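As written, the chain order gives the labels A, B, C and D, with residue 1 at the start of each chain.
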């Protein structure tokens, strides 16, 4: 199985490394070539264009954080991956893109006799490094199963969602909505108890330790309490992108989502106030700052 | 240690039973006397008034679901518990009351040489039955420690929060805010994925099973998926009461809490639409109903 | 000036009639041909396709309520208006479309040497009938000024916003956001005072009569008080469309808009609960219904 | 008619002055005595305590901006106005207090054979100076009518709401909710159109000039556009107080008010960020600041 990999960001790089570790030679492309070269062993071929990767692989993995970037890589006027990908080859889309784009890609690939599977991942860069990501996989079942060695190489578990690739993308963005919601919740609770005079750390220990018992509250809660918002594991602007995707899905299916709306608004404020250098858990910093008397002028 | 118990509702009754099981005779009072009599063994004395309980005990436990009910029991014009409670005796307040009332009670009891400890509980009636509640305890430390056999009799774990009793009440309502927030989050996510065509059950399995791993999401998620909203383990009107307490705390300490605000508004809609007979997890029913085309007239 | 008119809905029909009244013969197209024929005098030619209108006019007016409908009319695979519109002719887009589509249309028309002006209108069907609409006009100034006899024929006033056509569309959707916001505000205020025991009618008289003094509060307020939600002057689904456009603009420019978010969510609930047959002022019915005890099962 | 006046703040002072101008001698009290002395002509007697005012008047006007301040003046342990006010005399409460307190005051005054009328005012200090306030009046009708010369001396118009004094207070806070909602709406709309590249001033001219036509949008809109937020005509902390009263009324009557909730949260952020020195129209500054990239650290 010849594998191509496009998109070597903070998630893509460790994922590609784990594929190498699992014994798969890779043909890779990254807009910033230097990043691709950090991988370079004799098992890695750094290609000059998306087309140059796509033309020679059985499975083309994309890990690009935005719809626009993926569309550019696939459909660029020259050297796009879409036209180059052989009939029968698989495009395995692993980043968090909109269900809408995913649905369009499924159609476009089908029209060319190419396969398309979506397998977005849960987990941050440190989890990617440990090959411990959790994957939500959707697309034609037989194809998905054939890809399982790839899933095993980068992740600790994968779940098959359904025949329609976009379903995995919806599960992923709805999952990120849940996580963002947990962070906003902790942020507000910490701001309240802290201002009133109860130690937020103790609050977290009692309430998560005794009741919720979720590692997500634990990890993010500690990050918030220790104000470790930089460097970003998952940056504010990606958080804003995902909450925008949630809101767009809510628009598309006409579902009222008041929490989803609050999250998009908060995330926009977060990006505007603190910039892209912060982790999205800085939602707690925002909640704290809005609650404290500052008297800015 | 002679113990009095006032408030034998769906939580109070199993708690009182567990105290009996642990070997403590009880002097009890309940507005609806019949309920008190379901407990009656020779270890139970059913009293005629709050004063009649308070006058003869070392520890007076109250488990009344609303501030107003507790104030009535304590400060009724005749036969209130407050005037009857002996100097040195302890009022152990275990229900979810406002931090504000708790602060006032601490002052009032101190003024009479009485002790006051707050120990609100996390857990629903089935958890109370198993003596598996989690307690947040605050008030004078020495007194709290003296009460530990009581905590052990009704609960699986207790955490000491601080010297000020109201701190435990704040932890409790902020904890309920987190739980309500989890339910609203699931409700919205289920409404979205369900309307789009992904099975919410599968969504829960993937997202909670792989990522959040919280028993709270598990329990409430299943309850929502199976639409088990009646009978209520924790009724909508109590949920509204608690979210109102959260909002009032946010008002008192001037903390913006957009999720807290959404929750109060949703809970009010919930009570108005479905009435008090539903469990507060019917937040998911509300989210679902608002998302589905009904065309009511 | 030969004028074509596409889109004879509840707004387009009276606007076309007013152009006829002002002495302009019209070439018209409507998907449902019967509607076009209600106009038929010897001054009206009912065309068979968008292209058939566009090919023979100096100014092509479109009044279609959704982006998708306008794109279909312009870019349909066969008989679309875009390819047929002569060089130098003007596309005058008068419906409420997204700033985004308007920007793309400006580029596309420019690429073909066609002119493009946006002139969305404020006012409901009864106002359109009286030729009393208010227009926000944007696009090349000289072209806009040449169109002023058209503006005068259908409206009572027009304001020039700027050289970029999309600017008028942004003014229009932000204006609709203000109007929707006024309705939600009245709806919530009526629900509150009414439930507490103050006559909402009296409230409106005092507060709008003495303070706000806005005809918008007056008109919508009375409509709400008299529960005149059917037939719809401006239907819930169009309200949802517009609030979705506002939210998308807020997403595009990364602007937090908490009121905008509430409105999209409320409007989605409105459409889901009551359907498309209601006027968007039924926001007040929603606010009222959510506040009243119903105990639906 | 002997009149007493307690509370000479930025509203009370011009109101008292207008009563003097209308020929009424006044007995006044203010916590900061110096302020009272700015009024001193031979028609003014500056009293030493609330009781000292109340004991000698037919009508006691209170103009204190918070419930707590009014309760202190009336029920202070020594020298409170309540015990001193003669039987048959009227307490005319003109500030924005909670409907709840107003209801309690009606009961308490009735218990002592005193009269109680609520007449909260719409208008800012400059309007108060011109004796152009608008009053919502409630309480026993005959008493209210007897007070009409007072209403005429300080205001341009008054409306009788009902027999229950608290009804006027509810109208007042619901009215302030409408005004705050208008400001938030403009603030969000300005932030959006401004960031996108449309002049907010032009937006206001078109949208308010042509459609809403409200002097409230005009006045506040200009204030926002010229960034005249200091000195405060109506300070942020009073805005927060009023939005808190609205939220409490919504809690009391179990009415969901999503806009009301957003406003309380925004106002809390406003007070925390900019302090009490700003006008509540700085909601627009907040909306603008949250939308602009700052990259604070």
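FYI, a contact is a pair of C-beta atoms (placed from the backbone, for glycine too) under 8 Å apart; a residue touches a chain by one contact, two chains touch by 3 or more.
This is a predicted model, so every value here is computed, not measured.
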With centres defined as the mean of C-alpha atoms, identify the chain lying farthest from subunit B.
-> C
Copies subunit A, subunit C: same or different interface, half of numbers shared as the threshold?
-> same
Starting from the mean Cα coordinates of subunit A and subunit B, work out the distance between those two points in Å.
-> 38
Residues within subunit C bordering two or more other chains = 250, 254-258, 262, 265-266, 268-269, 271-272, 290-291
Subunit C contact footprint on subunit A (complex, rising order) = 240, 244, 247-248, 250-251, 254-258, 261-262, 264-266, 268-269, 271-272
Using the touch definition up top, name the residues of subunit D that touch subunit C in the complex.
-> 99, 122, 134, 136, 157, 159, 161-162, 164, 167, 170-171, 174-175, 177-179, 181-182, 184-186, 188-189, 191-193, 195-198, 202-203, 205-207, 209-217, 246, 249-250, 252-260, 262, 265-266, 287, 290-291
Please name which positions on subunit B make contact with subunit C in the complex.
-> 258, 268-269, 271-275, 290-297
